[in-house]
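You will see two complexes here that share subunit A, one where it goes with subunit B and one where it goes with subunit C.
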Partner chain A sequence: MDPILLAALTATLTPLAAFGAIVLATRRRPGLSAGLAIGAVALALAGALFLLARLWGLEMSVTYTTRWMASGSLEIVCGFLLDPLSVLMLTVVTAVCLLVQVYSLGYMAGDPGFARYYAFMSLFAWAMASLTVAPTLLQLYVFWELVGVSSYLLIGFWYAKFSASQAGKKAFVMTRLGDVAFFLGLLLVLTHLGHVEITRLNAGAAAGLSGHRLTVAALLIFGGIVGKSAQFPLLTWLPDAMEGPTPVSALLHSATMVAAGVYLLARLLPFFSLAPTALTVILAVGTLSMLLASTMALVSRDIKQVWAFSTISQLGFMLMGLAAGGYVAGVFHLTTHAGFKALLFLCSGVLIHHHGTNDIVDLSRRGARRQTLAVACLAVAAAALAGLPPLSGFFSKELLLAALAAHPNPVWLAAGLLGAFLTAYYAFRLIFLLLAPPAGGMEDAPAPHHDAPPGVRGAMAAPLVVLAGVTLLLGWAEKPLARFLAAGGGLTPTAAGHHAWLPFTAVGLAVAGVALAWWEFGRRQAPRVGFAERWPALGELFAQRWYLDHLYRLALGALVDHGAAHLCAQGDRRVIDPTVDGLAAGTVAGGRRLAVWHAGRFQARLLALFLVVAALAVTVFF
Partner chain B sequence: MIVPFGHVLLLAGLLFVLGMVCVVARRNLIMILLGVEIMLNAAAIALVGASLRWQAMEGQVLVLFILAVAAAEVSVGLALIVNAHRRSGRLDPNAFHRLG
Partner chain C sequence: MPLASADFPYLSAILLTCGGGLLAILCLPAARTRAIKWVSAVCSGITLLLSAYLFAAYDQARGGLQFVERLDWVPSLGIQYFNGADGFSLPMLLLSGIVFFTGVLTMWELETRVKEFFALVFLLVTGVFGLFMSLDLFFLFVWYDVSLFPMYLLIAIWGSTRKEYGAMKLTLYLLAGSALILPAILFLVVQAGLNTFDLTALMRPGTFSPGEQRFAFLLFYLGFGILAGVWPFHTWSPVGHVAAPTAVSMIHAGVLMKIGAFGVLRLGIFLCPEGWRYWAQLMGLLATVGIVYGALAGLRQTDLKFVIGYSSVSHMGIVGLGLATVSVDGVNGAVFQMFAHGVMTALFFSGVGWIYDKTHTKMIDELGGLSHTMPRASAYVILAALTSIGVPCLASFWGELLVFLAAFRAYPVRGALAVGALVVSALFMLRMVQRTFYGPPRERFAALPDVPFALGLPRLILAAVILVFGFFPALMFDMIATATLPLLQGVPR
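Let's look at the complex of A and B:
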């Protein structure tokens, strides 16, 4: 068999095999289940790396398809689309999955649902890996939904906890809202073009759609992206998704689930670029989400929520960059973000696991700074998030800002720079809060969550080191990666006007953000009050997430409880009940009337008999 | 035949209708039985008239049969009526609209 096809099959199907094996056979043996899952995802990573190496040399895309279903002239294929974008994403997905699964050996040790956890992780890895290599939108949609299902399962993993099962449901339902739009867009494309093959859509087949229809289709598909990548206005599910185990958050926020939305936009960027209106909408939504989420992160005290908000804002940033034409920039930032965001969550997981709390101030009081490795890695990742050189985030952010600078409207660039400042500020606010000795002195560390055996600690430390290394070094891979992506993407990188001042401005703003955070939280005698909290109204607005959740609750209450439900109840009481009752009463009354003829009144029957015979005689004889 | 056949048939028809009205309209079981007898006899008159008209004996034979059947019917019918009257004390046909 063709080695490339074999590698693609390995990279996508082995996690499914592990899922099946765990569910069917090894459910009762946690150790074996974890081994199976990790082995499978390691194999998948090997396959992905092989593909990357092969395609790196070839600099072309390879497609394997076979007919899936045919109906009339409509034919839908399935298979693999292996081009630089999909293979790069496949590598990122499998690598992060592998690291997170190794890390979970420590984090989830002793959990009663250990085997179930690894089964869901394998399902997740399979769904996301298959999503990346889908050649048609329909196949992509199938795995898109599977990603949604598996993240529902993992967010609500501790289902006995009420808030966790609620968060799982919220994530599922809110992303479903977007998915419905995506599916409608897909159907629109399918009915008007007769196919949903990504390469053909990108190659300009979508020009067959009329202008308005194209815009509508692009916006509908973007609806799916909004749901999946937790953009405004569907962004409230992501902070709640923190109810899942921390490694799940790491996976969810870096390479899978939310990344799927941005990946779809990158995948279909040539298609989207045929609809300039849609691109403007994407720019606006990305900007709004980025700024909203950044402000929410300014005041959050929950360490995981800060990173969750930063995910929303970074994804918004990627959408902005992609919509401004920065294909390479967006994909590169997706890649680097996957690395440092996974690192952020995994480091936070170490602290949470050891100290048993999510609250930053509590963590600091309980001596989080003594976990040298975790805090050091956290600082590296936060610096990458802030875009400080020479970390990976600096390179990708600079590319994104350059893409925005090339856009004729300067508003987007200004918003991007503001976002960079806020990002640096809230990332280092958290770091300084953790590091600075609290005002009341440090508590004697209460008994930690539970004492981890050294093997467990090693399993949790190794992924941190690997990811920190990636965060440190990935930035230098910018040029070759850009060339690689541009070779297969069919998109020539837009010759962005070179703005010499831009990197300096960006770094200057990031440093300013860090300095402000140091002034307010880091130095001795620091007030430890952020600038947003100085105005209580503003702080409250940010802490309540702009009251979006309240608004949705109100809207749901008005629309569903008082609107639709009330209407249905009225209809039931006023229309359906009387109709059914009337029907029943009418039947009974009619029966009573007719029953008279069945009572033994033989004279009446005889009369009827005579009359009938007489009538028959009349008709026969005359 | 002195009387025209048409008149015979007219008489038979009138008698039949009279019997019918008696059967349908009267509210007395005995009168209903009488009505049935009148209807049978109307048929018998028509048969006798026809037998004279075509000079054939079958009509008169059939009339004898009808007389026998009518006698049997009256005896059985009266027995039923007497029984019903004993059980309920009434002769109104509408009183017997239940099974059992």
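Let's look at the complex of A and C:
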């Protein structure tokens, strides 16, 4: 068999095999289940790395397809599209999957649902890996939905908690809203072009759609991206999704699954480029999401929520960059972000696991700073998020800002710079809050997981070290990766003008953000009150997430539950059923009426008979 | 339509197995419930094997009607015993076999009036099998009525929750339907003047004028549409689902509602293609209303079985929408959806039946946290719920995909509305799952048993079928396509 095909099959299907094996056979044996899942994802990573190595030299794309089903004129194929973009994403996905699954050995140790956890993780790994290499939009949609299902299952993993099951449901339904738009866009393209092959769409087949239709299709597909990547206005599910176990948040809700939206835009960028109106909308939505989520992160006290808001904001930033034409910039930031954001979550997970709370101030009070490795890695990752050199985030942010600077409208660049400032501020606000000794002194209460066995600690520490290494070094891979991506993408890199002042401004703003955070939270006499909280109304607005959730809940209740759904349920109860019941009762009553005439009223009949005969006699004889 | 006679009367063998099983059950003493259950299981298992064999043995390259058996019954009236199977009926026969066998196994723990129960189920299923294989209008109608009457007793005796009302409502509705179907059959047979009830003879192009076709199609559509749960004639269905005992709910929602859609297809569309085209707009409208309305009404239900009942209304709307598109993809999708929905609701009711048997309630507010004590039973219902939401790689996705694609081509606005209803159906299904299975464990459910392996077997089979056709939809679509393509070629543009 062709080694490339074999590697692609390994990279996608082994986790599915692990899922099946765990569900069918080993679900009562936690250790074996975890071993199967980790072995499978390690194999998948090996396959992905092999593909990366092969394609690195070849600089071309390979496609395999086979007929899956057919109906009429429609043929649905499945297969692999292996080009630099998909293989890079595949490597990122499988690598983060492997690290997070190893980490979970420690984090989830002793959980009664241990085997179930690894089954769901394998399901996700299969769906996500297959999503990245899909050659058609339809196959991509299939796995797009499946990652949604695994996200639903994993957010609600601790289903005994009401908030967890609620968050899982909310995540599924809100992303479903976007997915319906995506599906309609898919149908629109399929109806008018007869196929949804990604390479053909990118190669200009989309020109077959008239301009108006193309814009509508692009916007509908973008609806799916909005849902999956938690962009405005569908952004409120992601912070709630933090109810899931922390490794899940690291894998699905920051590094890979939510990035699938950005990946889809990168995948279809030439197609989207044919619809400039859609690109402007994407720029606007990305900007709005980035700024809104940043403001929410300014005031949050929950460590995971801060990183969740920052995920929304960074994804918005990537969308901005892509929509401005920065293909390499967007994809590179996606890659670096996957590394440092997973690191942020995993470090936070160590603290949460050890101290049993998500609250930053509580963590600080309970002595989080004593966890040297975790806090050090957290600081490195936060610096990368803030875009400080020489960490990976610095390089990718520079690329994104350069792409925005190349856009004729300066508003987007200004918004991007403001975002960079806010990001640095809230990231280091958290760090300083954790590090600074709180006013009341530290509690010396023994932590709940004090006696964690060394194996647990090792399993949780190793991925941190690896990811910290990646965060430190990945930035230097910018040039070769950019060349690799540009070779397969078929995209001419936009001639981004060289702005010598841009890196300095960006770093300056990031440093200013860090400095402000230090002034407010870090120094010894710090007031420990953020600038946003000085205006209570503003702080409340941010803390309540701009009241978006209130609005949605109100709308759901008024329009759906007590509106349309009530109307339909009452329609059955008050209109259709009574009509039918009335018809039946009327028939019975009518029968009863008529039955009177058969009830043996002899005199009445005699009278009737007499009258009829009399009438007849009168008409006949006169 | 090309005919291929059978070398062995497989189709009659299915009917005879049912009939033989019925006789055997009647002959056994009522006290020997174990023997009765074993006879039922074995006979229904044989029908499943036979229908699966036919599905596999059908020569797809040749197409047309195969395994044909023909016998003059009343020559002076042109009535024949005429059976055959094509790409539409084989999926339905397979579905009936699956639901019948798993339904019998699901009722393994039944204790009250076992003999009567299984005898009536066998009678019902004989009618169902007969209807799917018959190609003679007279026999079709007879089988149709055979499959309806046992339902009344099954619900009224073994049911729950307003069972007399539900049983009577169902019977009256379905009889109203057959009061429309019989005149339509007689009208067509008389108008043709061929002195035959033979479907293949009557469906030759030019037999009926367009006006006659329009008239007869409307009667067929309304008559069978009642059984298929077409809005606004759907309210018998949730009420009947709720009132029926588990296996009857399974057969009822799994197979009986499919008879409605199959009747529209086999009689309405085969005999009156002109009428089909003429009334397609109306069908599309009612189907879309049904999809949206069923999903929205489902949101407000508090009884587990009502939730499933309304989801059935919504899903059968998808079948109707597929048929309304008058296109290859739409009909393919509709037939696939009939199969997928049948298996899915059977799994639903089978899982919910276990929960109801053990907890003695199906009110969602009284349940909660069942995943702790009944992980397997919960997993089956959750799988069915995910199928119902239209998750890919579970059977119903592919049917919905094709129907929505065809609908979007034919009626963009209605298609978009129907797709939008997917959000609502996700919302109400997940709400049901959350309130029933998630949450802290409840004290009073702590001691309840989970499904043991042997009793869980029917659910395992249904889940496996959902996954097989979810991963390999071509197995089913290639079969359906052998019937769809010739059918659509015969429809005037």
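To be clear about the criterion, the second predicted complex is superposed on the first by the 569 of 622 C-alpha atoms of A that agree within 3 Å, B and C clash if a C-alpha of one lies under 4 Å from a C-alpha of the other, contacts with A are read in each partner's own complex, and residues count from 1 in each chain.
Here is the rule we go by: contacts are C-beta pairs under 8 Å (C-beta built on N, C-alpha and C of every residue); 3 or more make two chains touch, one makes a residue touch a chain.
Everything numeric in this text was worked out from a predicted model, so none of it was measured.
S.K.: Hey, is it subunit B or subunit C that touches more of subunit A?
M.R.: Partner touching more subunit A residues in the overlay: C.
S.K.: Check the residue A:Val580 against both partner chains and state whether it touches subunit B (first), subunit C (second), both, or neither.
M.R.: After superposition on chain A, A:Val580 lies in contact with subunit C alone.
S.K.: Examine A:Phe610 and indicate which partner it touches, taking first as subunit B and second as subunit C; both and neither are also allowed.
M.R.: first
S.K.: Regarding the shared-chain residue A:Ala160, is it in contact with subunit B (first), subunit C (second), both, or neither?
M.R.: A:Ala160: touches subunit C, not subunit B.
S.K.: Just subunit B (first), just subunit C (second), both, or neither: which does A:Leu188 touch?
M.R.: After superposing on A, A:Leu188 lies in contact with subunit C but is clear of subunit B.
S.K.: Which partner chains sit in contact with A:Leu32 here, subunit B, subunit C, both or neither? Use first/second/both/neither.
M.R.: After superposing on A, A:Leu32 lies clear of both subunit B and subunit C.
S.K.: In the superposed arrangement, which partner chain does A:Arg601 touch: subunit B (first), subunit C (second), both, or neither?
M.R.: After superposition on chain A, A:Arg601 lies in contact with subunit B alone.
S.K.: Taking the complex as given, what residues does subunit A use to touch subunit C?
M.R.: Against subunit C, subunit A makes touches at 67-74, 141-143, 145-146, 149, 152, 156, 159-160, 162, 165-166, 168-169, 172-173, 176-177, 180, 183-184, 187-188, 190-191, 560-561, 564-569, 571-572, 576-577, 580, 584.
S.K.: Can you check the complex and tell me which residues of subunit A touch subunit B?
M.R.: 599-603, 606-607, 610
S.K.: Over in the complex, which subunit C residues touch subunit A? Could you list them?
M.R.: Within the complex, subunit C contacts subunit A at residues 169, 172-173, 232, 235, 293, 296-297, 299-301, 327-329, 332-333, 369, 371-372, 386, 391-393, 397-398, 402, 404-405, 408-409, 415-416, 419-420, 422-424, 426-427, 430-431, 434, 437-441, 473-474, 477-478, 481, 484-485.
S.K.: Contact residues on subunit B for subunit A in the complex?
M.R.: Those in contact with subunit A are residues 20, 23-25, 32, 93-94, 96-99.
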